[in-house]
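In what follows, a structure is listed as structure tokens, so that the remarks can point back to it.
We call the chains A, B and C, going by the order they appear; numbering starts again at 1 in every chain.
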Amino acid sequence: MKELLKENASMKEMIDGLWLLPRDIVSEGYDVALLALSEQIPMTIHEYQTGTECFTWIIPEKWTCHEAYLETVDGNRLFSYSDNPLHVVSYSLPFEGIVTREELLKHLYSHPKLPDAIPFQFKYYDKDWGLCCSQQLKDSLTDDKYKVTIKTTFEAGNLKVGEVVIPGGSDESIVICAHLCHPAQVNDDLTGVVVGLEVMRNLLQQPNLRYTYRFLMVPETIGSVAYLSHNEALIPKMKGGLFLESMGREFPFALQSSFDATSEIDLCFSQAVKESGPDNWTAPFWGVICNDERQFNAPGIRVPMLSLSRVLHRSHSDGPYREYHSSDDIPDLVSHQSLEESKDLVLKMIDTLENNWLPVNKFKGEIFCSRYGIQFDFARDFSNSMSLFNIMFQLDGEKSLVEIAEICNTPFDTVKKTVDEFHKHNLVELRPCSNV
Amino acid sequence: MKELLKENASMKEMIDGLWLLPRDIVSEGYDVALLALSEQIPMTIHEYQTGTECFTWIIPEKWTCHEAYLETVDGNRLFSYSDNPLHVVSYSLPFEGIVTREELLKHLYSHPKLPDAIPFQFKYYDKDWGLCCSQQLKDSLTDDKYKVTIKTTFEAGNLKVGEVVIPGGSDESIVICAHLCHPAQVNDDLTGVVVGLEVMRNLLQQPNLRYTYRFLMVPETIGSVAYLSHNEALIPKMKGGLFLESMGREFPFALQSSFDATSEIDLCFSQAVKESGPDNWTAPFWGVICNDERQFNAPGIRVPMLSLSRVLHRSHSDGPYREYHSSDDIPDLVSHQSLEESKDLVLKMIDTLENNWLPVNKFKGEIFCSRYGIQFDFARDFSNSMSLFNIMFQLDGEKSLVEIAEICNTPFDTVKKTVDEFHKHNLVELRPCSNV
Amino acid sequence: MKELLKENASMKEMIDGLWLLPRDIVSEGYDVALLALSEQIPMTIHEYQTGTECFTWIIPEKWTCHEAYLETVDGNRLFSYSDNPLHVVSYSLPFEGIVTREELLKHLYSHPKLPDAIPFQFKYYDKDWGLCCSQQLKDSLTDDKYKVTIKTTFEAGNLKVGEVVIPGGSDESIVICAHLCHPAQVNDDLTGVVVGLEVMRNLLQQPNLRYTYRFLMVPETIGSVAYLSHNEALIPKMKGGLFLESMGREFPFALQSSFDATSEIDLCFSQAVKESGPDNWTAPFWGVICNDERQFNAPGIRVPMLSLSRVLHRSHSDGPYREYHSSDDIPDLVSHQSLEESKDLVLKMIDTLENNWLPVNKFKGEIFCSRYGIQFDFARDFSNSMSLFNIMFQLDGEKSLVEIAEICNTPFDTVKKTVDEFHKHNLVELRPCSNV
């Protein structure tokens, strides 16, 4: 096999190398992409056989489209799968025959908003055949009959999940997740995959991680269900997680809370996002966009997984973004800078979580700060002095650093630096936030 | 005794047959009315003897007004108890004699707002004599002296409470209550009595009731106190209750919360009332009108009893309704349709309570809906799909159906149907809301 | 020693006798003032030696200013400590020498807002020398050099805390606190000292106090730390406290909550302040002014101490008051009437706390009020009747009287009188609010 990616490829290079692959949920294209990524960072590839029961789900068959095209009755080819894998509905049944224009239109999908683009359509569990083309092409179909050729096969195969694990001091783990499926598309969600991978490369350089990190690359939904149902023992140790979606655009960051917005990871991640830009915004669970975080947050699992994305608000006429689920979701939309910003923010979110402790006072009364060289000038710098004292007053083992930052309306780093100063002088003890 | 009511009388027929009776709290008129009702539906009549201690209360004597009238000194009769029982204050002492106009006016009551109507006045525990007439008649009294005749007797008797019991699967009971007293008045609260009775007739046709239902017909306040103090063992098993007041007008429904507005019965009843009409309204405990629900909610009892009525808001100049506590509260005010609507709403409230369970997931992750034929089309019907998933996500044994309806801002029936569908496929378990 | 104060001096007389003393935190002036007060009311004087460790603090040396003045190089004296003790920075190092104008200005403090006043400056732990004068005088300094003379000494001594204790039925104590330091100033906080002392004189006349009362006169901050660190066993028995600051002005009262604004003492004191005048206001912890309540509320102590003061809001350009920390804070600012009002309010606050109980019903259902001669006329006096019933309904041992006053939006005294009436008839039991 030709090498798709050079060694230690950049995020942009990984996108360029993999995006056009027909990465259907259980497919050759998906497998090729995952294999290429496994050469970029050490990972385990979990395989789940077609037909395996996964909670209430069943692993589907591997699907292959050998060829698919629409022709006029006299053999004039109008479009073909070989031009763009989006021309056939993902998991379409095979079909060959001449159909009336009316029948064709029941099986031919176009994009409701983008007249030039091919839409992304899937029928994983519906068992039907279908083609996709631009609205313009569809409008030009005036013949009475057309010839449809869809040569697809369904066969036993293996759904694959890539997992990168970086062990930390604790076996409590943080799950980063992105989905590698969706043929010939970039933002959704190859950008999430490459940002997650780059974050893991970075964490590999950090020697003393507090938590264990798991990065999962999955086919959407069924991949998460397959992984979770085969790793139930890990679930109670999953402290929380983050799904990454559409990381390459220049929109402000949108953070979607987990089902339990009061979890420690929710508090830490939202504090980091809030501090990282005045235009960043947060929304409740399901308030931004839905992906695999659904499975992690669902009943019986309840791992608080948030979702970070750079998309427009759902109420925006172009939301989540204009090219979503179409052949226009291409590498040109994605900038190196946006990917870097995304990676940096994820690292900052992780950093906040890693540094969140429950400080407990060993002192009584206010601390005699000048004795310890902790400087402040109450008269001249009222605000900073108040901040120091505000923080000091909360240190009784009931609130973690991030909660103190919230209560005192003070940046997390200021809280951390202040508490570190007290810690240096043995004035506080730092405990894990087990009961936050 | 002549039959007051024909067999299986309608709500309107019961009102027409009973309303004019002098239904004072312990009186012949009250007893006659209750006896007539006991022929409409099987009931137990509890009797409590005059002088019996009931919590801090004492059962009063039976009161009878033999005749009562006001005359000019020369014997011209101005009004008489025989014209309308409201002409004498309920529980007035007997009095006969010629009094000055000034003295008379201290004992003569008229209605503050309705110049033509006789007011309803009572002096159960004040021990005084009194008459009532219209403001117009009162204004025409210009003589120096008048002759008063009030022939009343107080004697040992029995306060009576009618109780209809329909046993359900559980001995936890729901108490429906209305007061049968108030001479010659209709909305307050004979309408509550007949709607309650009709509801019980309907429940008798329902074979598998979950809860036991008790319908109490009482003289206001003292009747409830008498019943509760003699049935203390039942109190812990009273899950909640509903007082019915002024059920015959065409005003929107007003639901008054119990003292503990977070009780399961409060949640169920308010959900049903909210869903039954955009003009219906709810108010806190004591925020609409006060009746026997006070005794059930009081300290030491704390049965969450709500109150349903069709009245104007307390802030309205005619509130609760213009004819309240007067001789104008007559059958003409009450429509068959209003009574039917009231009965239907009470049944819907009960239905919500009967169907409120605590669903607990037996599934993990999201349910693979298409496997079970649970249909939805995420792309085409975003709202219903979200509703399905919103409900699914709450099914972890922490919230009852009515709480899920509230959280998801979805009708109770939609929640119930969705959960029933899951239940049919053994995906959830339904538990009683013991800890709601 | 000449008697500074006559026997049984009034609040105003105590102020006049003591205000001008150089009451630095550990100083002869402070000691003289405390000794004079100890002849006004029986008190214990606690002494803490220089160098003693008190939590994280260390008792400072006794500081004495023998003389201090600024002169022109040719000996023209510009101002002197003997004119006003504020002319030298409290705890200034000694210094004698000719300095350049530039060097002098680094050590010469004036008031930012009051051009005629000498500011109050202190450098307890900074170890520097300094003088203070009016802005006008400072502006007139145009010579190149000036002669500075500051003759101060630092020596081992004793920090002193005065404590008046009035034992009550319980060993749970309420701490009243004010600071006696601050040379030649009145409102801050000699007014707090004299009001606290007068309150204690008054409490001494009350025979059956429920709680034990401790009145502490301290040098600010370090005095409280010294006392608390030497009386740790008392801390768990301190139910709460009140700091008194700036009690002599005619501003409305400002009540600053403790760190735990839900404490019983917070509820009682804020109810009393709210009821005492429509212009009185409350603010969260640290929202008005900061004094020794900081040490009591701090981590490891957590005694809920509120602060009462008569100051302008922090947002006011003159806040807390125009003459604050200056030589203008003199007896003329303080009226006899204001001090009396302050004392009366503190007594009312204490009275509310003393009378706050947890009432528990011994009755069931509503009380048959007329049986007990508890009068009300529902028809004529709807508001008072509702208030009676509102209160009655809350009496189930879950809310204290002050909480009922808050819930029912009724004055504390009305709640107390109603509950006392029920108590008289053995209808309720009164328990301590141990778990409030």
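Here are a few things to note about the model shown:
The definition used in the following text is that a residue touches a chain if its C-beta (ideal position, glycine included) is under 8 Å from a C-beta of that chain, and two chains touch if they have at least 3 such contacts.
Predicted, not measured: the structure shown is a model, and the values here were computed from it.
Matching the C-alpha atoms of chain B with those of chain C calls for a turn of 120 degrees, to the nearest 5. The pairing of chain A with chain C is characterised as different-residue: of all residue numbers used at this interface, under half are used by both copies. Centroids built from CA atoms put chain C at 57 Å from chain A. Residues of chain A found to touch two or more other chains are absent.
Residues of chain A touching chain C in their complex: 361, 363-368, 370-372, 386, 389-390, 392-396, 427.
Contact residues of chain A toward chain B in the complex are 55-58, 125-126, 221, 224-225, 228-229, 259, 286, 294-295, 297-302.
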